[in-house]
Every structure is written in structure tokens, then in C-alpha cells.
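Two complexes are shown next, each including chain A; its partner changes from chain B in the first to chain C in the second.
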Partner chain A sequence: MNLQFNEDQLDALREFMNVSIGAATASMASLLDAFGTMHIPKIDICNSNELGAKIQESIDMRSMYFVSKQLFTGKFGGECMFVISEDSSMNLGRYLYGIENPSFDEINDAVIELTNILTSTIVSRLTEELSTQVQFFVPSLQFLDSASIVDEEDVVEYSKIIIISTILDFKDQQIVGNIYILTKDEAIESLKVLIDKKIEEIYG
Partner chain B sequence: MKVLIVDDSKIARMGVIKSLKEVHPNAELIQATNGLEAVEFYKQERPDVVFLDLTMPVMDGYEALKRIREIDKDAQVIVVSADIQSEAKLRVLVAGAKNMYPKPINVDIMVQIFEHDLLL
Partner chain C sequence: MIEIRYPDVLLDSLENGHMIIDEHFVVNYWNRWLAINTQINKEDIVGKNLQEFYPDINYKVLYRKIKTALTIGTPTFYDTNSSKKFISINRNKVTTSSLKLMQQQVTISPYIASENRVMISIYDISELFEAKLLIKKEMNTVNKLNQKLEADREIIDKNIMIMKTSVNGIIKDVSSFFCSSFDIQRDEIIGKNISIFKSDDVSELIYKELWETIKNKKPWNGELKYKGLRAQEKWLQSRIMPIFDTHGEIHEFSAVYHDITNEKLLAELYITDSLTKLYNRAHFDETINMIVKHQRKVDSDFILVLVDIDHFKSINDTYGHQVGDEALVSVAKTLKSSLRDNDLVARWGGEEFVIMLKNITIDEAEIIVEKIRVNIEKSIIKKDIKVTASFGLTKYIAGEDSKEIFKRADDALYEAKNSGRNRVVLK
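Moving on to the complex of A and B:
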């Protein structure tokens, strides 16, 4: 199975993700009544045993994190993961509830509300760009240290994992989160087919 | 008519070109992959229209728009971006863009741009 992407496929995937992140940023901006800075999405293809290290490269190892994971299946299947630090989550809770010291449950609620909006917007927009549909599963939320974000047992059965990542950045509110879309083996093959179809449509 | 298309993504540039060719098949196309290149090409080529992305490496679209308008206060710049926040639109309109549209733009939007937004 060829799991490598060529330059045109990577460019297209980055652009589709850019459009999806744009929609998600706008949804979050509307929720927070604030302006978010968009960052260029990054695409990495790694072995499953490298996933933890790849994610740790982009976060502060000293923080605790709220980690939301939502699975989706279909021609393009995978997992959308949103990682937000304890400090950013606290700021989110303060901002959404308008109180100085939100409780842990209130922060949980705020993060769940945010991740629901984010994951559904990003994945729905991405699949729309790819002209396909997916089915969503109920998201899970955990409070974890940085070393525990990736459960090795969850990924050990896969040879390659594609990580599409970006930062959600609301500077004035000090709310920053990392978004990862993880997709594996057969799904990568399907993704390449969907991307090639779109490239053919646009390039003619 | 000379048109400068600025986007770090090839498929995004191709999308703009595909729609543009439907409306202006003979347009002369110049492509730039970041804001800095766009500013340089603008100085050299003086295009009639610029289609400008916002989120790009090296120099983003906000800065490129500012510099292009410093070079030519009548520059006709249309922003095409994945950033669909109302504040992003407000910022680019205040900076002098003729209008801003969400990606991807289709032929109908391209017609609208040439009929309503641009002074050519």
C-alpha cells in the first residue's frame, strides 16, 4: 500500500484543511465574539509509534491538557483531536461564563461546547471539500498530562498515521488550542483517491 | 488585462484561474506564492487586478495589501480567503481591498467581482 502523498496531493489537502479551519475559526469567533488568527495547517505522515512525540513537539510539556477526541467513519475516516491547555481552558471558561473563577465542571462544559463546534465544523467542511460524507461518533473528553495525550494501544495496529494540525489562536483572550486530524492506513488510501478526484476537477 | 493571483497553494491558484478564464479567457496571468513575491511582482508588472489570499508564509495578505496600496493607492485588490470572520473582512476593507470572498470562488462570484467590485 502506497501511503505517500505527492506534492499536488499535499498542497490540495493543506488547502482543504485551510478552508475547514477558516470555517471553524469563524464559528469560534462568533461564540467568543472575538477575532482569531489563522495559522497555516501542517501535514505530517509518521509511523504510529512516533505519534506521541510528534504531538509533544507542538505543546508545552509542563501543562495539563483537556483532550477531546471524536471518531468519524466513511470513505474518509479518522479521529479529530482538540488539545487545549489548562490555562487556555480556564480563560475560555472565564470568557464564556463571564466569571473570574469557573469551576472544573464549568470549564469541562465550555471545552465540550467548543470542541463540538470545532470538530463538527472542521470535519464537515473538509468532507464537503472532498465531496464525501462521514458519520460522527460521540466525542470523549479527558484531562491529561502531556505524556498521556496519545494512548499507544489505540494506534499500535496502524502502520502510518497522517497528522493534519493547526493552532487555533485567540490572542486577546489568551485561548490557544491545537487541532489534529488523525487518519490511518486504508483511510489514507481513500483520502488520496478523493483528493485526486478534486485535483482532476480543478486542474481539468 | 493583467491579473496577479497570490496564494501559497497551487490548487487554490488554479481554482481562481479556472473561474477567471471563464469570465476573461484572454487575461494575462501572473502567479505569486506569498505576500513578498506579490509586492515585488506588483512593482514590476502593475497588474490591473490582484486576487490575494491572507494566510501565507513569508508575508501574509494583510501586510501585502498594505504594501501594494502604498505602491499604488488605486490598486484593485480582491481578497479570497478561508478566513470568513467578519473582522477579517472589515480589516481588509479598511486597508483598501475592493471586496473579500470566502474560498473557493466560483464563476458566479467571479462575474460579480468584475461587474460590481472592480473599477476597470
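Moving on to the complex of A and C:
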């Protein structure tokens, strides 16, 4: 199984992701009444055992994190992971619930809600661009220290992983989070087929 | 594909709760599952606002979730672990239930987007949640045990000398305390053979007995002297145990040591003559008295030899006490080096020494003692200074007490002295 992307495929994927991120930014502004920015997505293809290190590169190791994961299935399937620090989560809970001291449950639900919006908009738009459909599953949430975000044993069964990552930043509300769209082996193969099909459609 | 003509029948047959509401929370549909579980009939709630029946729901959040589902066109969810319930439904499970209210998974799916209607689906995940709680509880117990185990392990590591080796003696692990006791780093010895610690002071017979015992799947207890990498030596009270695999075969060896170097030094000081480093009279007395007391045949076969340096007083008078001491040390060395490991030699007092030659005939003893006499005669104490010694020897007769054999040996020595000194007399 060749899991490497050629330059054309990578360019197309970057373009689809830019569109998806744009859609997510717009959705958040409309649904949450907050202006957030999202960084240009970074695309990494790495071995599954490198995932933990890749994620730790982009977060503060001293903080505790709420880690929300939502699975999606279809021709392009995978896992969307949203990693948000304890401080940012508190600010998110305050903002979405409109109270100064949100409870742990309220913070959890706020993180779930933001994950929902992010995953749905980014992945839905990406799959729309790829002319396919996906089904979303209930997000799960954990409160973890930075070293425990990815359990190496959980990912060893995959050989390759694509990490599409971006940073979400609500400056006014002081909310920053990292979003990772993870997909593995067979799904990477499917993604390549879908991208090729789309390139064919666009450029004939 | 068949056309589903009665969707309400389909929704009523599902084992989940389904309601359809609009963005203002007016209930459009309420399925049978909800009616049964909430005790609110379809007829009583449809057309009315959900807020009338469930005022505790956070409608600001619900509104946002409805708007999200309708805008994005995908389901939105509530946190499944939340202790706050979307709608309270009592749980009737009587046995082993830790949940009084049903734990719910609530999904808000777009229904008719153009009419701003969504379907709220409620799934009973109580059993799953209970299992999660149980696992969490068990994990907490395991974590606590692990923490205790880790703390205990740390105490053991820092305070007890432990070593693990493979079946062929390759060091696999050692405790920090072992390393600090020998002033070594763990990396210096891991992968090396245990023989790097072997000291010449421990008889090969001891090692043989050790290996025989542990190879026969039994633990071995005893004293070993280990030589560190940086020349320091330690006497260790050791317990070496075979560790078995699941098939009952020896998988590795585990050793626990206790440093008894100081005790050994003290014990040695107690029985050693400080000048000559031979055993002292007290130790010799104790040994011979034990033999006489127990009368074991194997111990009773010995020859007693009394040795006296000739003209010792005149050496002291002529050359001084320092030379006298040197003469005593020299004779002691000659005696020690001329005897076998299992013979016993001690300083008896002044310029006298006593020897116990074990398991030997009187003729053989006479030959050995004669050689010792010659060796002493040839030894040079200091420039031009030599000494000689006289010897009285006798064989122990079973049943007699120590006074009797000493009397006979003393008589023999007296005779040697009187008949010109520097000679061996047998009685």
C-alpha cells in the first residue's frame, strides 16, 4: 500500500483544507457569536508511534488538557481531536454558559459543543469538496496531562497517520485550542483516491 | 426498497426516545418510549412547549445546539458523561445499580431544516456508564495499589541490596542500594557475569555448594565476600533464590544481601592476635574445648604442637622489643605459610605458638613440623638476625581432656628445650 502523497495530491488537500477551515471559521462566528481565527493547516504524514511527539510539539507540557475525540466514518474516515488547555476550557465554559464559574460538567459540554462545530464543519466541508459523505459519532472527552494525550499503545496497530492540524484562536475570549484530523492506513488510501477523482473532475 | 408508510409506528417501535421540536422548543412529536419513560402522554405534550415540562434544561445551550445542527446539517451532541440529565428519567433497576437516573446520550439531528425542526434522540447508556464507573473505580483501586507498590519498591530499592541474574549468572538488575554500597553505577555491571564480584577469600567449596543448591531449585543461605570494582570488599549475608517460570523451570536467580562486613571485622578482631594476625589463645581454647566436649570422631583426629622461640628473651634484651616483635611476626608467617588451610595455628602467649594439625598421622606430622623448624631456622628476621624454635608434639587420645594433651605436648616441648633447643620432640 503506497501511502505517500504526490505534490498534486498534497496541493489539492491543502486547498480543500483551506476551504474547510474557512467554513469552520464562518460557522463559529455565526453560531457562537465570537470571532475566531484558524491558522493555515499543516499536513504531516508520519508513523503512528510519532503521533504523541508531534502533538506534544504544539502544546505546553505543563498544562492539563481537555481532549475531545470524535470519530467519523465513510469513504474518508478518521478521528478529529480537539485539544484545549484547562485555562482555555474555563474561558470557553464561561463564554458559552454566560457564567463566571462554570461547573466541570458545563466546561465538558462546552468543549464537546465546540468540538462538534469544528469537526462537523471542517470534516463535512472537506468531504463535500471530495464529493463523499461521512457519519459522525458521539464525541468523547477526557481530562489529561500533556504526556497522556496519546497513548502509544493505542496507535501502534496503524502504520501511517496523516495529521492535519490547525490552531483555533478566539483572541477576545482568550480561548486557544489545537485541532488534529487523524486518519490512517486504508483511509489514507481512500483519501488519495477521492483527491485524484476530484483533480480529474476539475482539470479533466 | 419499501416505502415506510407509517413513520410514527417505526419511531414508536424503537427502543430509544425520539422527539421532534422546533427552534422555539414546541414539541411536534413524542414517541412511545418517551411517553412510557417520562409518564407524559403524547397527547399531553405535543403542541406545547418543552419548557413547561422541563424548565431545568439550559435552553440557551439547547437553542445553540439546535442552530448548529440546522446550520451545519450534522448532528450535535451533549456530553454523555454529564451528571446533569437532559430530561430526568428514573431508573428502576433494583439490583446492583449505582445510577438512580438514566444516563443518556442525547443527539440533536436536523429534521426539516427549512422549518427549523430537529429530532432529539435519547439513548439509554446507563449500563455502559455503570460499566465505565465500575472500571474507573477498579482503576482507582489498582492505581492506589500501584502507588503503594511503587513506594514499597522505592523503599526496597534504596535500602536493601538486591540483585537479579540470568540462569547463567549474567546480572540483569541490581538495587540502587547495592550500587551505592559498592560505589558503582548500575550500567557498569548490568550484562556482566556475577563472577566480577568473586573474592579469593571465599573457598571454591562454598561456591560449589551454592551452585549445587540453587541449581536443584532450592534457596541458598550463607556468607559471601564480594569484591567491588574499585577494590572495596564486603562480607554479605546472602540469600540466593531461584525464580521459576510458568513451567516450573528456573527463569532467573534473585539474591538479597545484608552487609555484615563490620560484624565480620569485629568477630575477627575478637579471635585474632593483634601482632601476629594469627588466631589468639581464646579462639584456640574454644576450638579445642568444643572438640573435647563433643568427641566427634572426625574432629578428634588431630596432632597438637607447641612451639617456643629459642632464646627469645636474649633477642629482646640484645636488639630491643621492636626486633622481638618482628621475630614473632616472622615466625607466625612461616608457621601460617607452612600449614594447610584446614590446620589451626594460634599465638599461645609470649613467644609460644600452638598448632592443631588435622587428620594426619603422627609420622606425617613429625615430617611437617621438622620442615617448619628448618624454615624458621632459615628465615632472616633482620640483617644477620635469625631465630630458631623448639617443638613438642603429641596426638590427641580420644576421651582425654584438653589439660591432658597440653600436658603431654608441654612435656615434649620441655624435653626439646632441655636437649639443646631447635628440635622436634614427639610424645
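General remarks:
We adopt the following convention: the second predicted complex is superposed on the first by the 202 of 204 C-alpha atoms of A that agree within 3 Å, B and C clash if a C-alpha of one lies under 4 Å from a C-alpha of the other, contacts with A are read in each partner's own complex, and residues count from 1 in each chain.
The criterion applied here is as follows: a contact is a pair of C-beta atoms (placed from the backbone, for glycine too) under 8 Å apart; a residue touches a chain by one contact, two chains touch by 3 or more.
Keep in mind the model is a prediction, meaning the values are calculated, not measured.
For the composite obtained by overlaying on chain A, chain B and chain C can both be accommodated side by side without a clash. Once the two complexes are laid over each other on the shared chain, residue contacts for A:N108 go to chain C alone; chain B is not touched.
Residue contacts after overlaying the shared chain place A:I117 against chain C, while chain B stays out of touching range.
Chain centres taken from Cα atoms put the angle at chain A, between chain B and chain C, at 150 degrees to the nearest 10.
Of the two partner chains, chain C is the only one touched by A:L32; chain B is not. Touch criterion met: A:G98 reaches chain C, while chain B stays clear of it. Of the two partner chains placed by superposition, A:S58 touches none, neither chain B nor chain C. In the superposed model, A:P139 lies in contact with chain C only, and not with chain B.
Between chain B and chain C the least C-alpha distance in the superposed model amounts to 13 Å.
For chain A in complex with chain B, the residues that touch the partner chain are 8, 11-12, 14-15, 18-23, 25-26, 29, 35-36, 38-40, 198-199, 202-204. Of all residues in chain B, those touching chain A in their complex are 8-12, 14-15, 18, 54-57, 81-88, 102-104. By the touch rule above, chain C contacts chain A in their complex via residues 58, 60-61, 64-65, 67-68, 71-84, 105, 107. The touching residues of chain A, counted against chain C in their complex, run 27, 30-32, 96-98, 105, 108-109, 112-113, 116-117, 120-121, 124, 136, 138-141.
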